[in-house]
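Since the structure comes first, as structure tokens, the remarks are kept for the end.
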Amino acid sequence: MKGTIQNREKFLNQISARLGHNDISNSIPQRSWKYHPQDEVLTDTSPDQLVEVLKTQCLKIHTSLLSANLDNLAATLDKIVTDYGGGPVVTWKDQRFSEWGLDRLMKDAWPKENIEVHEWDYTQGAENIRYAEKANIGITISEITLAESGTVVLLSDKDKGRTVSFLPACFIALIPKSSIVPRITQAARIIRQKHLDGHRVASCINFITGPSNSADIELDLVVGVHGPVKATYIIIDDI
Amino acid sequence: MTMKIGTGDFKERVDQGIHDSFMRGAVAGAQERMGTRRNDAAEELGNWEDWRSHGEEIRQHVLEHLDYYLQQLSENIASRGGHVFFAQTGEEANQYIQDVVKRKNAKKVVKAKSMVTEEIALNDCLKQAGCEVIETDLGEYILQVDDHDPPSHIVVPALHKNKEQIRDVFAERLGYQKTSKPEELAGHARLKLREEFLSADIGITGCNFAVAETGSFSLVTNEGNADLVTALPKTQITVMGMERLVPTFEELEVLVSLLTRSAVGQKLTSYITVLTGPREEFDVDGPEEFHLVIVDNGRSQILGGEFQSILQCIRCAACINTCPVYRHVGGHSYGSIYSGPIGAVLSPLLGGYEDYKELPYASTLCGACTDVCPVKIPLHQLLHKHRQNIVENTGQAPISEKLAMKAFGLGAASPSLYKLGSKIAPAAMNPFTQGDKIKKGPGPLKAWTEIRDFPAPNKERFRDWYKNRDKGGNQ
Amino acid sequence: MKVTLFATCLVDMFQSNVGKATVELLERLGCEIIFPESQVCCGQPAYNSGYVRESKEAMKRMIRTFQNAEYVVSPSGSCVAMFKEYPHIFKEDHEWGLLAQQLAEKTYELTQFIVDVLHIEDVGAQLNGKATYHTSCHMTRLLGVKSAPMILLNNVKGLEYTELPGKEQCCGFGGTFSVKMAQISEQMVDEKVTHVEETGADYLIGADAGCMMNIGGRIDRTGKPIKVMHIAEVLNSR
């Protein structure tokens, strides 16, 4: 459904006049930049070196970083969940959990240990948010991971609720090693290219860098304000 | 004028600021910490000057094509089902938002920190519509709980308050019973605000940068409050200053990188959220209805004029964090929600010289602000332009100063008058001179000598010495 | 080498010692000094207060005065920065704009001239004691002269140098700011003086007469045992 636009003409005419454009069609811009500083940052770096950059950065953003392969991923994840005090757990509905061999853990082992697991299910509507609000841990997957800043990029859709990453007290992001890029520059280009290729931009793109925090009181850092209090990333060796 | 804060005239506010020793300690400490972090974050990149130049060229380009990009943005938002309202004035923006609130029969609004909504005094208008408004940024929340104490810094709004004051306010207003430890105070706010997020009807945010090509907009926070404001309520309203946009994601990335490094010295903040339209079909969270209100409120009058570069501003507060005047007088002295060098340039433009004529003079033109600006706004030159305007166009300059400057113009342009003046100066100053110092000077020297000595004019000027020396009289 | 001296009005009237030291120093370094009598003030006090029209007359006078000079050298970073601003101020005026450009290009601050033009890093000065140095805002930020004074001071025999804490912070002078916003200026200069004291220095060295009058005036008023010296005087000490 198309939205509405109100009061535009007069508003933009005034701007055009101030800029000395006869009308907007005189204003079609050519973007050509003299400077490209972003292309000099971490661009000659191998995937293994990027993992090292990411590890170092995680120390600065109060985030634990673990590495796993497909053989020990389940055990690694299980341990973190236990360390975080168990469930309830809320996860996206994502085929990849299954492909990475996590079904037994999430659908079998945890329920048996009384760790409640809720997989996002859009047919249940707002019920999902209530689960997320109650949950101790939220688990998501990073689509693009930024080594420089230690950032995971999450794209929302009907199976990937936004609140899985904000409402629970603890946040776990699974990071396929192949998703790691130098910095936000590459992520921006990937996202833009998808748009130019005719794909819809996700309604919510989250660049998340560690747990939530604030320095609003006497500039003292408090970790854990409105979003998660703790965060862990697990790099999965999929290359 | 709605961006106006505080009472009294400029001198009274400065006096109050200077005597607020906690605030001054807090500001000095903040300037040192934020300044160091900013420097480290900039240096770490190794090519910071290129980043600044790139930031500048992007912002200049957007301003030069603002009409085009705003049209493109609004088309793309509408095609994703969002509603766009162009508001020429703050009143128009407030009226539109009030209408949405009424139509939704909303009783509770949660807000993420936004300078432009402060500028148009949106909260007052929402309250008139019978709405409860809750600020969710921790700093803004503290100020709100404390009877709407105005913000003193555009990034750290409650910088002027110490934790004991905050504890007392929480105890009195919220029944808080724990200590003044920041984590306990923040924990309490988390608990209180969680309920508000979940029960709010409408979420209102500002906008760091909109992206014209995709009809998106971004929010930059560390607390994650903007995410909850935009994920939970059924209706979302975003208010943006009309200049706050970029062409594509590629430029968004650059400006966000400049913003987070300059504002808080972080490579990226914890939450950078880019939203496009309302929720998609079958999405469970995110708003069902999305409104973008694009506000002019005096900005178009700046466009195309000699102050256009101030619209490049990305609200990082680096200039505030380095300004030696802000350091001593604090944010409230500026009498505007926009303080520091950016405030001293912007407030007279948006609010008029009548209210803000002193601000351009509250600077030594030391240029520290210009040096740190990530988008290269020549702030100290704009302050100078204001002075020139005040002198030449407003008639607000003091008469005594005008006369003095007229005399200066004559004297300095005429070597013979200058020579005569400087020659008789020692005699003229004689009654005020003790040894080689003037300790209590007349006229404009009075203010100087109230706190410092002034050197007595040399009986033998340099030029006299030089002349005599040429004649072989002095070596 | 012929050097035309732009003494500045503050030095001419209030700090003739600085002018003398500049002349003696440059002569010792092999320069021939010319001092045109018709020089007045660079116009900065009026210009910075917003009186652009009034200040332009002084600027034109200065442009004419130095028109035939080979090098113009001045012991004040701020005043040199003002000369550098002239082309911008006269950019609408073709004739004066061109002359302003010529003046800007041949004008140097004293230490900059010694290091960059004369290529001298050790002037053979000696001064015993602890010193700190105030980096003036206009000299460092607007003019961009940062290293030259440090290079020269490092080679002064007997001088023990300590960096000034918060050195990049303005001292609160700002021309008419110091009287127009006296209350704020006081706070700024007080913080500067506190920092100077923290270094334990015997000498506070500077390269701008305005800043030195401000900090020095406050030091004198509060009776601190710190001597304020212009860098020309230091470099002329033997």
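Letters A, B and C mark the chains as written, and numbering starts fresh at 1 in each.
Simple rule for what comes next: contacts are C-beta pairs under 8 Å (C-beta built on N, C-alpha and C of every residue); 3 or more make two chains touch, one makes a residue touch a chain.
As the structure is a prediction and not an experimental result, all values here were calculated from the model.
Colleague: So how do the chains connect up here, line, ring, star, complete, or something else (other)?
Modeller: Contact map by chain: line.
Colleague: If I average the CA coordinates per chain, which chain comes out farthest from subunit A?
Modeller: Ranked by distance of C-alpha centres from subunit A, the top chain is C.
Colleague: Per-chain Cα mean versus the mean over all protein Cα atoms: which chain has them closest together?
Modeller: So the chain sitting closest to the middle is B.
Colleague: Looking at contacts between chains, which pair has the highest count of C-beta pairs?
Modeller: The chain pair sharing the largest number of C-beta contacts is A-B.
Colleague: How far is the middle of subunit B from the middle of subunit C, if each middle is the mean of its Cα atoms, in Å?
Modeller: Here subunit B and subunit C have centroids separated by 32 Å.
Colleague: As a quick test, compute the distance in whole Å between the mean CA positions of subunit A and subunit C.
Modeller: 54
Colleague: For the complex, give me every residue of subunit B touching subunit A.
Modeller: Touching subunit A from subunit B are residues 26, 29-30, 33-34, 45-47, 50-51, 53-54, 57-58, 61, 64-71, 74-75, 77-88, 92, 96, 136-139, 142, 156-159, 162-163, 166, 182-183, 185-187, 189-190, 193-194, 197-198, 213-214, 216, 222-225, 227-228, 230-232, 242, 247-254, 256-257, 264, 266-286, 290, 294, 296, 300-301, 303-305.
Colleague: Which part of subunit A faces subunit B closely enough to touch in the complex?
Modeller: Touch residues, subunit A against subunit B: 1-8, 10-12, 14-16, 18-21, 24, 27-29, 31, 33-38, 40-41, 57, 61, 120, 122, 124-126, 128-129, 133, 146, 148-151, 156-158, 161-163, 166-167, 183-185, 187-189, 191-192, 195, 200-220, 222, 224-228.
Colleague: Would you tell me which residues of subunit C are touching subunit B in their complex?
Modeller: Touching subunit B: residues 7, 9, 11-16, 18-20, 23, 35, 37-41, 43, 45-46, 48-55, 57-58, 60-61, 137-138, 141-142, 168-170, 172-175, 177-189, 191, 213-214, 216-218, 220-221 of subunit C.
Colleague: Under the stated contact criterion, what part of subunit B meets subunit C in this complex?
Modeller: Those residues of subunit B that touch subunit C are 11, 14-15, 18, 324-325, 327-329, 361-368, 370-371, 384, 386-392, 397, 401, 405-406, 408-415, 418-419, 422, 425, 437, 439, 444-445, 447-448, 450-458, 460-463, 465-467.
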